[in-house]
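Can you keep this structure in mind? I'll have questions shortly.
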Amino acid sequence: MDIGSVIGLVVASALIILGMGSYVTAFVDFPSMLIVLGGTMGAILVFFPLESLLGLGGIVKNVFFTQNQSTSNVIAAIIDFAGRARREGILSLQNVANETDDEFLVKGINLVVDGIEESVIEQIMTNEIDFVEERHRTGAEMLASMGALSPAFGMIGTLIGLVIMLQNLQDTSAIGPSMAIALITTFYGALLANLIFIPFSGKLKARSQQEVLVRRLTLEGILAIAAGNNPRVVEQKLNSYLAPKLRGSLTG
Amino acid sequence: MDIGSVIGLVVASALIILGMGSYVTAFVDFPSMLIVLGGTMGAILVFFPLESLLGLGGIVKNVFFTQNQSTSNVIAAIIDFAGRARREGILSLQNVANETDDEFLVKGINLVVDGIEESVIEQIMTNEIDFVEERHRTGAEMLASMGALSPAFGMIGTLIGLVIMLQNLQDTSAIGPSMAIALITTFYGALLANLIFIPFSGKLKARSQQEVLVRRLTLEGILAIAAGNNPRVVEQKLNSYLAPKLRGSLTG
Amino acid sequence: MDIGSVIGLVVASALIILGMGSYVTAFVDFPSMLIVLGGTMGAILVFFPLESLLGLGGIVKNVFFTQNQSTSNVIAAIIDFAGRARREGILSLQNVANETDDEFLVKGINLVVDGIEESVIEQIMTNEIDFVEERHRTGAEMLASMGALSPAFGMIGTLIGLVIMLQNLQDTSAIGPSMAIALITTFYGALLANLIFIPFSGKLKARSQQEVLVRRLTLEGILAIAAGNNPRVVEQKLNSYLAPKLRGSLTG
Amino acid sequence: MDIGSVIGLVVASALIILGMGSYVTAFVDFPSMLIVLGGTMGAILVFFPLESLLGLGGIVKNVFFTQNQSTSNVIAAIIDFAGRARREGILSLQNVANETDDEFLVKGINLVVDGIEESVIEQIMTNEIDFVEERHRTGAEMLASMGALSPAFGMIGTLIGLVIMLQNLQDTSAIGPSMAIALITTFYGALLANLIFIPFSGKLKARSQQEVLVRRLTLEGILAIAAGNNPRVVEQKLNSYLAPKLRGSLTG
Amino acid sequence: MDIGSVIGLVVASALIILGMGSYVTAFVDFPSMLIVLGGTMGAILVFFPLESLLGLGGIVKNVFFTQNQSTSNVIAAIIDFAGRARREGILSLQNVANETDDEFLVKGINLVVDGIEESVIEQIMTNEIDFVEERHRTGAEMLASMGALSPAFGMIGTLIGLVIMLQNLQDTSAIGPSMAIALITTFYGALLANLIFIPFSGKLKARSQQEVLVRRLTLEGILAIAAGNNPRVVEQKLNSYLAPKLRGSLTG
């Protein structure tokens, strides 16, 4: 679970509820929610192909719940494999899948063990990376579009509320509450966009960049193993992907 | 028919009408509709060349009603043709048009059968792809411009309504309904932009990308056939265009 | 004359005047017009060099009144010239200016007849195309800036009206009409931007692209003639610039 | 002095003051000016390094008061120098500084006279051009940022005025004037942005492009002189930088 | 300490407080601050990875408090080192760290003294520069996002205040103060964005560019020393990074 997101959502919600004080129930209005959320979702269904939308849940879940592989661990594993391949031969990596749960790394090592040509390995795994990137990019775009649509439907809801209120001006005691309800859709739209959709889109982009970096590094390592590189050379190559303070001798 | 768009439009409209409750008739105002739609359309006529606008209907219809060729079917067909060309010669593909309704593929195969040089085939068909892309891009731009213009004409309509209302302030009982009508054009403008024009523009872009991808893949397959490539090589080349989970052995 | 623009302006204006109904005179206020138009023009004089602004009228007129050369006619003329040059020699093109009113084409043919080196012809005519492109681009930018400035000066006018009105609140019967006049500048600014400036900028861009395409094609044809290419080869080269449905054998 | 800017500022100001009529004094409020201008300037001090800001005045002055070198004059001077260098040798250009007040040209000619290597001349003078470009770009960015900040501080001032007014609702006769003063900061912010900051930024960009073009052309001329090119060749090279209607034989 | 930022913040704050006059206490509302700041911070926690956010404080502090190395000093030091390396050999630079507190320069010189290959030095130090750039870029993006989020949460706070106020319209004497408090969150959001977040983001970008320029120049100098270049050549190379008026003979 992504701790930052949880803390952020809890803190912001708590302070907003605090600001509402004893009027908190005045901010719960089911029909207003339906207009904002339903309108946004309806427009998104027109906006993006159904296949993309059906994949959105999975992407968001993956991004917020899956721990990214730690860059240093991946580098350590690859250097270890490179050493073994050198000492005991490529075939000694056959059972590598038992030692790591990094599917992308396992797939790459298996291609090396199977004796697939380097250029083909590169093509296959680069395609894989591109597809992940594209899927994440579409996901971030969908969330950003929701962040643009929800305030618009919030305003549409407020316009509906205002028009209804203006038909009933004779009952002056009802003007205040009617207008309050009209404003609530704008409130929902702004809150959804600025606390959920836009920040989610941002984090998805950051996580995707991080994941793609790890995969690029993994691919470079696998190609170095396939080329029979010395583990020290492999380490030098991969270390350039690490932030300076994380670098250190992993081969010892 | 594009199911997602239908569901999206129905859901959003239903929830918005639900939100209007018994006041739904207060939101139907023909002159307001004329100002928003007419103003937007008038401005679009000034904005884009007439030829482009006349083509918009067709593009939108194609995009929402035509089923895109399934990528796997196109690949399967090309691999099949590649196999036949190898076994029975290029000329055996002469009647291929009877087996597929994919005009672009048929046109390409015919060029191969006619013995046109590979580089010429590539140029002709790339031009074709570029023209489709350009036409779709213009279409998406027109829809996006409508999405920017309709809220503006909604606001223009509201300003007209407000100015008229302000001339009649003495009749206080009329203020409410007059103002309600003034707001309706803003409501129309916002709804048209956020439920129709902007999402349509988005889907047009996504469909176009998908169609262009299929055509690029088709072109690569046709060039491989013209070059007399082995069906397995053709398959390998084309599979890199498929999402990983869709890949599989199509040659068997 | 550009029919689409005329229809668009007439339709939009008619519907907007229809929406004003019997209050149409309430929307004519000369001082408000002066603030919006004068403010926008004043700011544009600060914004762009005087030389560019003085050329704007001509650019706009050219774009909306000059019929672009039809692409097919230009191609047909070039193929015809290529054929004559082959049969009767380059010098036979000397009087070509009598047969076409396309100045750019005439200029190019004259350069060929004068025996100027191909690379020099290319440089001279490419520069010419670049200058046209640059002039159109500046024109489109000026119109787009007017589209951004006029709503701003509309709001500035409304602020002026509101401040004046707020000084006179004691005369309650004047509040309505004063506020109405205050809003009219916003109305003017929005209408000018969304019906005139922004759409004009858009059409200027589209026409410019079309004109530049025709000139690129003309240049390629002239270079082919200078190189003594076979008319059929010239046709093949130029046809790739045509939309598929417009292609056909022009040499016969 | 840049005539267009003066006319633009005078016309726009006159029409706006005309629109204020007899209420013109109601629009002069010193504290409001302090909030908008002071806030904008304060934020700009945080935004940009002090060195850049201190240079802004000079850049703006240069751009609006210095007459750009006329392109044709510069070309004529270079062709003249090229002719003299050919007839009387490079050293004859030693006293060229007496004949032109174009510092950049003089500097270049001096480098040629000093016998500096061509590639070094090119590097030195290209660096010079880059620094001018960079300084102008930063200037245009600063003005554009002021154009974004001043409406924001206008709104901040209005919020301050509204909050103060809302504390004093009991004195109903003061509401109008208080609110009028509150709106004045928004008026100042919008006027500064749309009549001064944004248009100044635009003109700075246009002048900078023009100046850089003249310097590029000057550099090319100087390199041609250093290479001992024939004056006619120099003319041909430089003429391609001129708009077609300005071209003509300068060597005669 | 960055003097410009201090002056800017003091001046803007002073003028704004001046504008508030005797009502300054009316603008201090702790719950409103909590909603705007807490909401913005909560959303930022969802928006960016925790690691990036934890580094933000350090980046901001570094940028506003660390004096950038003066470009001329760095160049003078490098030319001095280049001279010594020539006269007394590379190893004479071993104790260079005692003479300068520029860590990046020291690190580079040490790599040269250690006899590391030039291409490896370049790779290591370029990576270092890239990581600094990336960290600053992320920092500037975070501040810019806060500048977009804080006005949004200001508006959300105002909507909360309005909804609460509208529930209590019967107590007319409370309407003014309630509405005043509702507006204060919008005031906070606008002030934070336009005086703090957006300008800080701008200065971070400018400082980062300056720092990266100094490091690029340092790297070029170190590579020249490693290559055993003559100090005069080193000076020529590095001077091209200086603004013209700062150039001068540093070797003498």
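For clarity, chains are labelled A, B, C, D and E in written order, and residue numbers in each chain start from 1.
Note that in this section a residue touches a chain if its C-beta (ideal position, glycine included) is under 8 Å from a C-beta of that chain, and two chains touch if they have at least 3 such contacts.
Bear in mind the structure is a predicted one, so any value in this text is a computation, not a measurement.
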item	value
Shortest path length from chain B to chain E (each step joins two touching chains)	2
Shortest contact path, chain C to chain D, counted in steps	1
Approximate Å spacing (C-alpha centroids) for the pair chain A, chain C	44
Distance from chain C to chain B - Cα centre to Cα centre, in angstrom	27
Where chain A touches two or more other chains at once, by residue number	none
Running round the ring (origin chain A, first step to chain B), the chains in order	A, B, C, D, E
Of chain B, residues touching chain A in the complex	3-5, 7-16, 18-21, 23, 26-27, 173, 175-177, 179-180, 183-184, 186-187, 190-191, 193-196, 198-200, 202-203, 206-207, 210, 240, 243-244
Of chain C, residues touching chain D in the complex	31-32, 34-35, 38-39, 41-50, 52-53, 123-124, 127-128, 131, 145, 149, 152-153, 155-157, 159-160, 162-164, 166-170
